[in-house]
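Shared between the two complexes below is chain A, which has chain B as its partner in the first and chain C in the second.
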Partner chain A sequence: MAKLVKGMVYLPLILLAALICFPIFFAISGVVMSNWELKEYLGPVLGGMDGMASWSLFPKSPTLQSLIEVLMDSPQFFVMFWNSIKISLCILAGQTLFGVPAAWGLARFSFPGRNAVLTLYIVLMLMPFQVLMLPQYLVLNGAGLLDTHWAVILPAVFSTFPVFIMYRFFSSIPEEILEAARIDGAGSLRIFLHVGIPLGAAGIVSSGILGFLESWNMIEQPMTFLKTKSLWPLSLFLPEIGLADVGVGFAAAILMLVPALLIFLSGQEYLEQGIAAAALKG
Partner chain B sequence: MNRGKLGKIAVLFLAVMLLFTVLSRAADQAGVAVVTTEKPENKMITHDVKATGKVVQKQNQAVVTEPDQRVKAIYVSQGQQVKKGELLFELDTTQLEEQILKQQQEMEKQKLQVEDARSQKDVSARQKASSQAGAAEQYSLSVNEANVQLSRAQQQLEDAKKELEVFRKSNGTTPETGGVEETLENTCQEKSDAYVLAQQELNQVEWKIENAVNTALENAKNAASVNQLAGKKTPETEGSLENENISYGKTYAGENDGTSADDTLIDIEPEDGTASLWTMENTYTQSAGEILEEVDTAGEADAWIAAEGEPGTEKNEILYSADTLELIEDDNNVTANTESQLPPTENAAEPIISLETNASSALPEETDLDLIISDDNADQTDNSNNNIAAPETGTEDGTKQPPTQAELDQIEKSVRDSYRQELSAAQKKVETAQKEKEEAESALAEYQQEKLSSADARNAQSEKQLLANVKTAQQAYEDAAIAVNKAAVTAGRSVQEAGIPDASNSSDRSNEITYEQMELALKKLEKLKEDKGKVYAEADGVIMKINISTGEKTTDTTAILMADTSKGYSFTADITKEQEEYIGTGDMVTLTGGTKDQKLEELPVEAVTADEEDDSVYHVTVQIPEDTFSIGMTATMDFSKKSETYPISVPLSALHLDSKNQAYVLIPQEYDSIMGTEIKALKIGVTVLEKNESYAALAEGALSGQQEVIVSSDKAVDDGSRVRIAE
Partner chain C sequence: MMVRKAIKRETGFAGSGSAGRQIRQQKQQKSKKWKKSLAGIGFLLPGLAGVVYFTLLPYLEVIRRSFQSAVTSEWVGLKNYQEVFGNTAFRMAAWNTIRFTAICIPLLVCLSLVLAVVLQKLKFAKNFLKSSFLIPVAIPAASVVLVWKVLFHSNGLLNVVIQWFGGEGISWMNSNYAFLVLVISYLWKNLGYDMVLWMAGLSGISTEIYEAAHVDGAGEWSCFFKITLPNLKPSLYTISVLSFLNSFKVFREAWLVAGDYPNPSMYLLQHLYNNWFRDLSFDKIAATAVINGAVVFVLILLLRKAWDSNV
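Right after this comes the complex of A and B.
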């Protein structure tokens, strides 16, 4: 009886989970589908054909042609892939380099106007990109950085969001531990490096994962600041795809998912803490 | 999954991505065409025309000899150079002599034939003249004989009348002058004359029709056989016909007093300016004149014309067929018979009325007749023209076939149709004249019968007998008058037929020509005999072809064909249509040939002509100076034509043609792509001003002098193709 009740509870949950996972299945089945089959299903949406778009999770003639085409015949994909890797890693490094000390300073040092700065950070964090786009463009243009990767990297490096997440983690470190370190003769730098960073590692990692995902998926910034196509990240590859090579699009989407998935899996537990911390910010 | 494993997977993933990055780039570059580029040059386009040909003679000379001669010896061989006067070959003189003798004999025979033909022609001419003279004599005899008959009949009539008059005088029953009986007799006489005249006219019309039909048929046949002469002959025929008609018209109208017949025939005399009266040259003329004075002739004539309409119009309104003619003729006979049997039993009142009617109608009828006769000549001439024109029209469309029987029938029918009105009018006139004559006679007979019935029986019987005699003599006279006309027509026809020329005979001239030809052939044979059968070269030359062989007989074709070296040599070569565009008459070319590669420079092109069979081939002829190349030698012609300087000239390999045959070049163009700056080929349409085998001159505008142009590629390149420029 208890099993039956348990099963009745799981069934809707499984259905819901399947619904949520459908895009993943959609992408995976699209990769192994023939081009003609994809045209048949997606023609009404992408090719202007009559009728409604449909989908089948099990391809009629499975093939890896799309994947091979992406890997062997699309050097453009790899140019954009490495551009994305470069931009994401630079952003992560920058955030680590500048965001961690900033968060530590805001969390652990008391100075005049600290609350005002914190409020400014929160306000800036809440501003969407569309608001900041024009000021950023003007500044980058003035600095001569437009149409270079720095135009995308630098604004992201000094983003307020990771500082805010790390601020929460650093703030939660008990003052007694820092006092003990001071008593043991540790200076501020030593306390930051040997006490603050290890104890706030969860916050740093979770902000890193969130920062990577954000930079990996960013579309508006490269579209706005990068004119030269060879500088584009992978996120701009998919908009270039039409019905003729929609299979290539699916394969590229799956390949694009892989790094994000690996990052996510490696820092899953920190990410959960980070998201929880972010949820507390309001 | 621990982090270490995840890290390895991440590293592996990146390594794989790195590997595929390299592989995909390598694959991508393998598909890119490597091209070489050049800048357009400022240069001239040179057209080189090179062709190999042969040296040939400018003129050939054919050595021809008499056919059917046996060749004794040939002293030259093919390719041999000969001088003027050099012995070429020799013929067998024995056979030549035989042939000369045979030819002389043949000529003798031909000469005899010529003479025979001439003699035959003379005989024919004499026979022709004789038959013409005979026909003319026959004509004269027939007409004379008929005239004699007429004179006799007239004499008999007069005798009968005199006898009647004497009888009456003796009985005291002489009719008073101007009395009823005399009037009736005069009327009778007039009607009789009118009848005779009408009958003669009918004969004349019938003859005319036959003549016109024959002429038209003859013309149709002649036109078919001698088409060109049709135009010339027609007017002659027409003229002769017209003349004949006129002559007959004159003869029977009595206007010509040249023949004996005319004296006894009818005469036309204008009387008092009111009307023409037809009379006989006898005693009745006066009586008729008296009657005329009593009757208002002019008034009656007007009335008659008004009632009947214009004579010409009347003719047009009434049509009679040939069948009708026969019927009418039959009717005439019947009427004549009836007339002779008519019993004289009428009362006295009717003849007087009848007399007035007849007398009044007699004159207009004759006036009408006069008009018709004069119209007839004109009508006939017109009709002759029409009839002759019909076969002429047939020949104009170029048909030279002889006309079929159906066509001839058609022609005959059309001629007869055209005369139908005239014939009908004449027939009607005869009929009317006969009827009137019968009525007048009947009236006279009735009057006389009545008169006699009141006299005593014996005298009455005698007078009746005498009257019957007069009537019989009258009829005999009428028949004789008609017979005169018929005899003249029939005999005239014979004269005309005798005058038709014989078919042309050219056998005598033909024989003469044959004789002349034989004479010419004999002279040639004798000349050959004089030369002892030896044939010499008439000019310096090279023997090209020998068509005779020793021991065989010669033919009438060329015996030996010689290249006449005295006229010089020329070089001929075949060039293509494209080459022909650059070389023309007067261009200076260089010839290279001979065993030592002798070079002749600055030789002018004499002619460039198209091949008669293949229009893509042209022949170039170049005159060669004497004593340079020899006949049959192979030589190479070189010619170079330079154009003006063009600022934009590209190698021909850079020029492409699209599907619409429009010329274009491809230029490399850099563009921004995901892979960085890449190069693609861009199509630029150009106008080709001139080109040769290696370069093309382009019009300025589309391409600048500094623009690199793709001139070669290791792969097929088209508009939009990615390329890489070779270093």
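Right after this comes the complex of A and C.
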């Protein structure tokens, strides 16, 4: 009896999990559906048909037609896809180059003003983009960077959230290890490169995964700072696809989803560590 | 200086003897310490310079501009602020944003706590369920626009379900129910994220306390209220703050589904910013950015204070 009650816990949990994952199943079944089937199901939503929409998670005659159409016949898609990749990778590289040393400096050294800087970083990391929108616009405008990819990349490179996550990881390295390296005669730079980075690698990976998901999903920044459509990332291109091209819409959505999902599945452990790094009191 | 004089008086020689050596050593240690903090600054500086250049300085500039006219750069005192507070669109957006945060954050924090506690106790399929709940963190908002549109259309799938249960279809996007669309999007996106945060807090509580309580005959519920909850208090602050931060991101889903001018019930401060930005009303944006920044700052401080005084 007790076992049965315990088993009952699973029912709502599995239902909830299915509900939460529904958008993925929906998108996957949509991408392998033929255009006529899509129109039949979604006609009432797309317009031109009465009644209610319906759906089937198992298409009657699965086809890769929409996917091929996007991959073969829409050069526009490739431009945007490449833009997204370029922006995300540049942001990641920049965050590593500037963020890792900054986090190390904050975590392992004491100097006047350190607490003030730490507070500044935490406050800035908690500010929503809209508060920083006009300030960043003014700088980018002054530097002549508006409507270039740098306008989206540079402010994100110097966002303080990744620094904070890596700071938490670097702080947890025991001081004795660093002291031992110091006694062996290693200088600050050597300790950073040969002790700090290897021992804090989990933090760097965690912050990288969170950073990638964030920049891959970026909408507000490109919307504000990029006017030229050929510079847009995928995230702005997708909403432009009308409901009339619903097949193309599904294919593009899936192609945008795949990299993020792959990163999630391969690095879930690090992702969780990165999320949790912010939770514990320090 | 004083020490040196004293030494001189005592020994007749400056800088010699054991006291002198001590001073030299102290000096060396001081320069070593100084060198070390210089290295720390060196690590920090490139990143900090970027933060100052791209965010801090321009934010100060925006504070200055919020007291100036956008066209003539004349000092106008609090005029911009008066204009913003008198603006009906601002009042509506601010009210919606406050209402949204006040409803969603407690809801999310409680739901995710329940989920974390339940999941923590599971033996079977724990990781599978955790992944399923966490997946929305990775799903780009743009990838699910279509799903959202099909779900929340008045002829859409959600209404199909409602009618199947005998209810009446709802015009989701064109009525006050649009607000509910925001709530659902936010919960969907953040439930797993907050759950992982709670689970980190839970894993910090030692199992010995529970074992001792069980020996004393405490039940599951009293364990939860007497051990789990008090021990999770430190996590509560960060989780609320992070949930608050993420609540601003729900704008993405709202904008993707409903565009620049959605139903008034889901018109958030972020819509207002964007629309003013398009009209180049920089003076109003400056004033709003200052107000908004100050509110976020004060809220964080208040939460921290409430939290500190309770520990």
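Please note the rule applied: the second predicted complex is superposed on the first by the 251 of 282 C-alpha atoms of A that agree within 3 Å, B and C clash if a C-alpha of one lies under 4 Å from a C-alpha of the other, contacts with A are read in each partner's own complex, and residues count from 1 in each chain.
Criterion: contacts are C-beta pairs under 8 Å (C-beta built on N, C-alpha and C of every residue); 3 or more make two chains touch, one makes a residue touch a chain.
A quick note: this is a predicted structure, and the numbers were derived from the prediction, not measured.
Per the definitions stated earlier, placing chain B and chain C onto a shared chain A by superposition produces no clash, and the two fit side by side. Of the two partner chains placed around the shared chain by superposition, chain C is the only one that A:55 touches, whereas chain B remains out of contact. By the touch criterion defined above, A:71 lies against chain B but remains apart from chain C after alignment on the C-alpha atoms of chain A. When the two structures are aligned on the shared chain, A:250 is found in touch with chain C, with no touch to chain B. Measured by the number of chain A residues touched, the leading partner among chain B and chain C is C. Legend: residue contacts after superposition of the two complexes on their common chain; A:145 is shown touching neither chain B nor chain C.
Once the two complexes are laid over each other on the shared chain, residue contacts for A:45 go to chain C alone; chain B is not touched. Superposition on the shared chain A places chain B and chain C such that, viewed from the Cα centre of chain A, they span 110 degrees in steps of 10. When the shared chain is aligned, no partner comes close enough to touch A:199: not chain B, not chain C.
Look at A:118: by the touch rule set out above, it reaches neither chain B nor chain C.
After overlaying the two complexes on the shared chain, residue contacts for A:186 are found with neither chain B nor chain C.
With the two structures overlaid on their shared chain A, chain B and chain C come no closer than 15 Å at the level of C-alpha atoms.
The contact surfaces that chain B and chain C form on chain A in the two complexes overlap at residues 263, 265. Of all the residues in chain A, the ones that touch chain B in their complex are 71-82, 85, 228-230, 232, 255, 258-259, 262-263, 265-266.
Contact residues on chain B toward chain A in their complex (touch as defined above): 1, 3, 6-7, 9-10, 13-14, 17, 20-21, 23-25, 27-28, 672-677. Of all residues in chain C, those touching chain A in their complex are 36-48, 50-51, 53-59, 61-62, 118-119, 122, 124-125, 129, 131-147, 149-150, 153, 155-157, 159-160, 163, 188, 191-193, 196-201, 204, 234-235, 237-239, 241-242, 244-245, 248-249, 251-252, 255-256, 269-270, 273-274, 277, 282, 285-286, 289, 292-293, 296-297, 300. By the touch criterion given at the top, residues 9-10, 13-14, 16-18, 20-24, 26-27, 30, 42, 44-45, 51-55, 98-99, 101-102, 104-106, 108-112, 114, 117, 120-121, 123-139, 154-155, 157-158, 160, 163, 188-189, 192, 213, 216-217, 219-220, 223-224, 234-239, 243, 246, 249-250, 253-254, 256-257, 260-261, 263-265, 268, 271-272, 275-276, 278-281 of chain A touch chain C in their complex.
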